[in-house]
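We call the chains A, B, C and D, going by the order they appear; numbering starts again at 1 in every chain.
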C-alpha cells in the first residue's frame, strides 16, 4: 500500500493519461466533477451511464428513455452468436468476466452495428423535408445494394420491442423531452419501406439519436445492454455441469467437405 | 429472412441450447416469462438485471440497493489496468465493443475478484456469533498469509465509496429490505481489522450478499458496472487522435534489462 | 513521426516497463540480445518462440520436438468451443484478430488446461521411483474424485496424435535430446490407467515438460498452436456469406424451459 | 465419455458446421486430408499454418519464406499497446490465454492493419507498368490525404526488419520460388517515396502477397506472430509479483482535465 501517489502536471506520464472523466486521488473519487458519494446517493444507473459518456447529468425523463433502450436489448437468446459464445465459454474453465468479454467482443458491425449505421443515416437526412429526403436516401441505398439498417428482422415478422420503444419516444416528443427529428425521419423510412417494420436496432437508434448520443456510443450502449444477457446466460450454463460445450450435441459431428485422405510425400 | 424457425422438443439441437431465461419465437420475446414490452414499459434497468440473473423481479427497494452498487463501481480512472486497456484499444482501429471486451477481460481474480472472495468468506462466517467467528476466520487467513479481501486500498486511506454504500445497507436493514447478516459480519471484520477500512470491493460484496447473489454473480455485476467506465474512456480516447497509444509517452522507452547484444552462431 | 524517443534509466516510466525480452530503440530491435535480422536469417519460428519464452536459442533438435507439439494442436474442428467461436465471430463484422481473440480466450482451465495440470503432476512425481510414486499419485487423485488430466478422450478411443508424439519423445530420449523423466512417469501413468490412453494434452505435456517449459507456458504454447486453427476456421467461415451465424441452423430454436408467460404487476 | 458421435449428412446440425479444414471422427484427425500423424512426423509448423489456411502443403522454400515473416513480427516491446496489454492482464488474475486474447484483440486496422492495406494496394497496382502505376496510386492516396500503408515508422529511421526480409524476397525471386510482382511494385513505391523506407508491415505484406495470401490472412498471420510476444511478455510480467499493474508507476496519477467539483442538485 503506497500512499505517495501524487498528481504532478509536469509529469509526462500523468499528462499522457489525462482524462476529463474521473478525478482520482487519495481519498477522492469524482466523476465528471461529482463526488462519487453523491452519485451513489442520488443518481440512477442510467443517469451515471449518461454522465460518464456525455459529461453532465440528464434529466430524469431523459434517463428514463435511455433506460428503456437499455432494457430492450438485454437478450435475444442462445440462437444469437454472442449469447452462445458466453454459454460455451462458461464451460471452458474461464472467469465469468472472460465469458462476457468473448461474447461482447463479437457485437461488431454486423451483430451490433445496424443501430450505429441507422444513427449515421438519420443524422444525414433532413427531418424538415423527410418525405423527399427519405425517398432519396432509400433510392441511394437501393442503388448501392445496401439493406436499410435497423429495419426488418430475420425471424420476427414484427419485432416485439418496436412498439413499446416507439410509443415511449412518441410520449417523450409530446412531453418536450426530445425534439422528435430522428423519430420523424425513422417513421417516414418505415412508411416508405412498408410492410418491413423497424426492429430493435432501429428503435433504439431512434432513442439514442433523439437523446443526442453519437452513433459509436449507440453501439457502446447496446454492448452494455447485451452484457446483461451474456452474464445471465454464462451463469445459467455454468450450472449445467457440461465441460467444453460445443455448438451442437455430442451425438453430431460437423460434416466434412474437404479433400479425401492423402499422405504427405505421396501426391501432397 | 427465414420465418420457418420452429421449436421442436424432439430436435436435439434445440434441446442442446435449452434455456430458462428467454423464450424467443417469431414475434415473441419473453424474459423469465415477462413479455419484453412489459419490461420496457415498467421495469428499471437494475430490475431487469436482477430478473435475468435471479429469475424473478425484485422489489423497487431491492433494485435500488443493487443500483447503488452498480453506480459505485463504474470507474476508477486510467490508472487501473482495465480502463487503460480500453483507452489503448480505442486507438488501435478496433470497434468500441472490442475495446470494452479487452478491458473487462482482465477483471480477473486479482482485478475484480476481491469482492467475489469476500462474498465467499461472508457466506462461511456465522453471523449469529460474529465476534468469535470473525476472529477465527481472520486468524486462519493470517496463518495462511492471505490478505482479507475487500479491505484496505492501495492508495485511498479511506475509500470514498465505502460510507455511502454502507449507509445504504444500514437503511435497508432498518427498513427490512435485507436481513443484515453479511452486514454484521463485514462490519465486525472491519472492527477487528481497524484501522484498515472496507473498500469498494468489500462494500459491494456486502450489498450483493445481502441481496442474495452468489459470489460469481458478484463478479459479473462488477463487470457490468465497470463496463460503463471502459466505454466512457474508450470513447474519450478515441477523440484524442492518437494512433496505437502505448502505456507511456513516446519520449520514453521501456528500460532493457536483458542480455547484451550477441549474434546467432557466435556464442548463441 | 517522433524520433526523440530516448531511454533514460532515471525515468520512472521507462523503469516501470522494463523488460529482458526486447531491446528496442531507434533503428534497433534485439530479441534476447540477438539482432532481429539474425533471427530472420537463421532461426526457425519454433526457435524464436523458445528464445522469447526461455531466453536462449534451443538446439535444432529441441526446436524440432517443440515444433511437433505445436503442429499437433492446431485444430480439432468446429465441434470444439474455441473453433466454433472463431467461426461465429467471423460472421459478426469484427476483424479476424477479434475472432481469434474471442476464440483463444476460452482456452481456459477446462478447454486448455489439462496439459498444464498434467505438467504440474509430472513435476511432482519422482521419476526414479515411478511405479510406486505414480500408484500413490493416482490413488490420491481418485480419493479426491479428480480425473487424471491428459488421459482419455471424449470421443477418440485412441487419440491419433498420441503415438506420433510419443514416438518422437522416445527418439529424443534415445538421442540424448531430453532426459526422459516426464516420459517415464507419463508412460507409467498410462500403464497403470490402461486401457485409458494418453490424449493430445497428455502427449504435449510430456514434450513441454521434457523440454523444460513451466506448466503455465505449456498452456501458452497450446494457445499459440490452436490460434492457427482459429484463424483458418474464421477465414473459411468468412467466405460463407452468413451473417450472425448462431450455433444451430436457423430452422431450429433453442428450447425454453422456464416460467410460463406472466405479466409485470400481475403476480410478478 | 460418449462414443456414439456419428456423422450424418442428413443432420442439419452437422451440415451447419461443415468444414473443409478438418475431418474429425472417433480415432481420426485429418487436416486438409492429411492424417495428423503424418504432419507431426514430416511437416514444419509454418507448413501446417500454410496447409490449414490454403488447403495444400507449400514447398519447403515457400514455407521458409513464410517463416521469416512470422519470425520478424513476434515482438516490438512493451511500448506497443498489445504487448503492454498482455503484461497488465498478466497481473490481474486471469489465465495466460486471456492475457494473450486481450492483447491480440487490439491488433486492429491501425495496430495490425497497415500490412493488410498495403496488400490490397499491391494487388491493385499493375506490376508490368510499375513506374506509372505507382505514380498514379501515390498521387491518388496523397489527394485523399492517406498515408501509404507499410512505409515509414514512428521511431525507427530505418526499420531493422526491412533489409533481411527484402533480401529474402529477392533471393526467392531469383530462385523462382515467387514471381516478384509485389516485390517490384513495393520497391517502386519505396523508390518514389524516398527517403521514407518500407517498414515491417510493408516488408511482410510483400512476402504474404508474393506467397499468394489474401490481405485478410496477412493480418491473421501477423496476429499469430505477435501472439508469441504477447505470451512471452505476459509470462515475464507474471513473475514481477505486481498486482493490477497500471500503465504508469504508482507514484504518478493521471492528470485531470475535467469539471471542477460540483454537487448533485446544486447546479448539476
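Rule of thumb we're sticking to: contacts are C-beta pairs under 8 Å (C-beta built on N, C-alpha and C of every residue); 3 or more make two chains touch, one makes a residue touch a chain.
If you're wondering where the values come from, they're calculated on a predicted model, not measured in any experiment.
Colleague: Quick check: superposing chain C onto chain D on C-alpha atoms, how many degrees is the rotation, to the nearest 5?
Modeller: An angle of 180 degrees brings one copy onto the other.
Colleague: Suppose you list every residue number at the chain B-chain D interface; are over half of them used by both chains (same) or under half (different)?
Modeller: Same; most numbers are used by both chain B and chain D.
Colleague: Comparing A-C against A-B, which pair counts more contacting C-beta pairs?
Modeller: Of A-B and A-C, it is A-B that has more C-beta pairs in contact.
Colleague: What chain is the most remote from chain D, judged by the mean position of CA atoms in each chain?
Modeller: The chain farthest from chain D, judged by C-alpha centres, is B.
Colleague: Let me have the rounded angstrom distance from the C-alpha centre of chain A over to the C-alpha centre of chain B, please.
Modeller: 19
Colleague: When the centre of a chain is set as the mean of its C-alpha atoms, what distance in Å lies between chain A and chain C?
Modeller: 32
Colleague: Which chain B residues touch at least two other chains?
Modeller: If we look for residues of chain B contacting two or more partner chains, we find 2, 5, 12-13, 15-17, 19-22, 24, 35, 39, 41, 43, 77-79, 84, 94-95, 97-98, 101-102, 105-109, 112-113, 154-155, 247-254.
Colleague: Which category does the touching pattern between chains fall into here: line, ring, star, complete, or other?
Modeller: Here the contact pattern is complete, since every chain touches every other one.
Colleague: Within their complex, state which residues of chain D touch chain C.
Modeller: 1-3, 5, 12-13, 15-17, 19-22, 24, 26-29, 31, 35-37, 39-41, 43-46, 48-49, 52-53, 67-68, 70-72, 74-79, 84, 87, 95-98, 100-102, 104-109, 112-113, 152-158, 160-161, 163-165, 168, 216-217, 219-221, 223-224, 227-229, 231-236, 238, 248-249, 251-252
Colleague: Please output the residues of chain B touching chain C within their complex, sorted ascending.
Modeller: Of all residues in chain B, those touching chain C are 2, 4-9, 11, 13-25, 30, 32-35, 38-39, 41-43, 55-57, 94-95, 97-98, 101-102, 105, 247-265, 268.
Colleague: Could you please specify the touching residues of chain B with respect to chain D in the complex?
Modeller: 12-13, 77-82, 84-85, 88-89, 91-94, 98-99, 101-103, 105-113, 154-155, 243-248, 250, 253-254
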